[in-house]
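In this document, chain identifiers A, B, C and D correspond to the written order of the chains, with residue numbering beginning at 1 in each.
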């Protein structure tokens, strides 16, 4: 893709970088920039997230069928995406809403990723899912609602898989770093942060995407941070401009909802873009 | 205590009341007032929560020692409290903060409750704790951070113990009812809601206690709702006036943090009141 | 009315109380409790606001006609209200919405107040209205949108009329007191604060009524504070319970929207109560 | 400067464009995109704001002295800024804080602008200042606190000077457009909107800069919108990255606080950048 990843030197660095010593004092946390001066690079399959790179993760909100995920996998790969995303266990406000395809969906997602050669990311919702999901997912996502599910965080600290930690809907940046610390303190240093909008009074957008979190995080932590403009705005027409802004502000990548036919999507229809819109978005980023 | 519980007639009603039929249509939820016209009464030990009653649950944020919990159990019982509360697994923003005494703490809490004759309530943080905790706790609390931990909610829907469901820090009332629906839909109709303050821009109080949630809930649901003015304000000086307001607005009870020596408390020191302050608060309520 | 005002002793106190010395140091403000230990009583006509009293101000959002304001004046007087409220200059989000009857409306309001023997309160929106409005209004209201219209505050600091200062929609308590200080610093010590709900993410109510502001203000300032549950909830069904809570929490009174036929009101129809509902609300308060 | 303004064709368009007909129906507002399809260009001196252009307004929060404003005027001009900003009447939370140099400050600002050949923008706080200020200021700013000071808006609708309307601290986008409508409806079509951050729970930044307001506004209105990253973040270290994001998201320009020695500034010291930082910011924008 036209959007560059981290350099070969950076790859070298992450491979040989010693794991940060296990700290347990309150004053200095493992997540803090003071503890580790250089940027952490997170390796997902053969993709590096962090440093100078800009990585795009794209795919449907929910895996719905083999055809759907294969079509979108091919489309996002062709447009230059670096990872394939897709939800299989869905946290829904109502118990009667579509809850995802579960393990069958994960198999479909993994198969689609293999076909096009993209690592995959999906949300893990419960401690008992962690080990099994780590077998086939390259990156394990913690959703906003689970940001302070501390048992889940501790369990993720003990697996050999990188973690994508979404910001809670009304979590301060400091609480978010505290949640990341649970994972690092349990032994897993490979954590990517993901800003996905905070809850405010404004209703013109689903949430308010807090891009200023990016420079704040660059000061406070060595962990990479990516932006989710799909949840951040809740409106497909705002996804492309906010993606350009996310890149300009210095984030390390994007998480984008893409669907073959957004208006028929089983979840998050309003904020998903179609294949052509995604290709245009990618083209706009590399200008 | 001077503060009345529900009447004997109401007790009769809850014992013989048929369990609401299992509904699974989206339009009508089990939590909705339309589904069930009469108020749900929740039985905790021999205490009834809901209807005309006003029930006070009091005790320390964290169980810290046998002496501490026994002293406070005695004090709150003498002042007229109906339940003993105490945290043993603590959700903390930092992994290095005091995480509670765990199962040993639960044993101390249960013992203290037995001594003074009060049912106990404590927070359950993970699915794997549910069964064991249900053996000794009379009421299982879901904390604000776990309000949308849907696996935990489903697990609580399958035990024969009532549940106290706290409102998420930035959850709308509708999302809160959706979370309760997960419990009811899984088979457990005994749910008490607890308003504990929402996150706003104001920093004079730790959170903004949303007392208007009480009349809103009375319209929308048959479940009882109690108020936590300790977390709601974060300041011990504001606990008593907000308790009086909570009663006046029509809530079904209170959840209050009480500690023998608040300034030495291992958690939530600022918002805990001491034994004398609690006795004064109770006296103020029955006026 | 059954709801008591401040005692005769308190009346004496306010009449003979020396005006607080003009302070101009930053550290100590005239509004601060440290500057003045005893509660300030504000005299509106022959009504005292503050101290132990509980004063109810009621009337329509907008004065619409002579018949309407006379009918409501009579009804609220009979139910025990202490002041008559009515808007004549209306701040509206849209320039095409009903903007109020202006000076003609003020004449109707004043006439209706005289007929039933109630002092009147109405909103002043601009500096150039201050002097003229002070001739016939007993209490000059500053609306939430104008809380930091500093020129207006300074102008109100120079008239011999008490001021009702509403909290801004997203103003902290400290900013609110800073706004009150503009009035006091300009020479007018007769200021009543009015909490009317803050803007939050919750949409079940129009605003979130912050009753915890009452104990916070009692600590920080000697000025009286009243509650506006009509704007605070935006829903007539929640006005009575929140009024009871407002009294229980220790506020000094209420500001309530009452209309002969709320559903036909030209502004704020949803949150206005009718004459019978107001009478019931007053009866509920004196229990 | 390296940052382009609107083209000559666009200039032509604004000069000959007919003033929009005075509409007064509620359904269709003058500000709405439906009412006017093409972008409005606002002319400030010989600078055009809107369309394809990107205009930078820079200068101190407060004019403090002739030396200060002349030095900063020269520095921002040399770095490529298109307008000189400077406050002379300051809305301050406390009546005891520095309130600005007033008319003397305006004379200094105008003189500094003339010397370097930049149009000037400053805040107008009261109706009675409008006419006099319009004599020497090229662009009249309405501050966030006055966004719904409707008398001021109406007065600005009657002068022959463009207006910069800042978003209120907790105003929705729709309320903001309603405020702009007051100006347009009174006859002045030359209005620039300015996003300056909204109030949220997050305290890592002074406000939360809502960049998603830009694509929302592009859909809803034909008026140009610029971004104020100085107030939006409240931290000088975040001003440059958010400026880049503001350009990438499609805004029409920036409003930036620049001071010769920020740490000594009489107001907003934390968020002001110095001359060298501003030059670097401008260089970063044209890359």
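Some notes on this structure:
Going forward, contacts are C-beta pairs under 8 Å (C-beta built on N, C-alpha and C of every residue); 3 or more make two chains touch, one makes a residue touch a chain.
If you're wondering where the values come from, they're calculated on a predicted model, not measured in any experiment.
More contacting C-beta pairs link the chains of C-D than the other of the two pairs A-C and C-D.
Across the assembly, the mean Cα position most removed from that of chain C is the one of A.
With centres defined as mean CA coordinates, chain D is found 35 Å away from chain C.
Chain geometry summary: the mean Cα position of chain A and that of chain C are 50 Å apart. Touching two or more other chains at once are residues 170, 174, 199-201, 203 of chain C.
The touch graph of these protein chains is complete, with an edge between every pair of chains. For chain B in complex with chain A, the residues that touch the partner chain are 24-26, 29, 91-97, 125-128, 145-146, 148-151, 169-170, 174-175, 178-179, 181-182, 185-186, 199. Chain D contributes residues 170, 172-174, 198, 200-205, 208-216, 219, 232-233, 237-238, 241-242, 244-250 to its touches with chain A in the complex. On chain A, the positions that touch chain C within their shared complex are 170, 199-201, 203.
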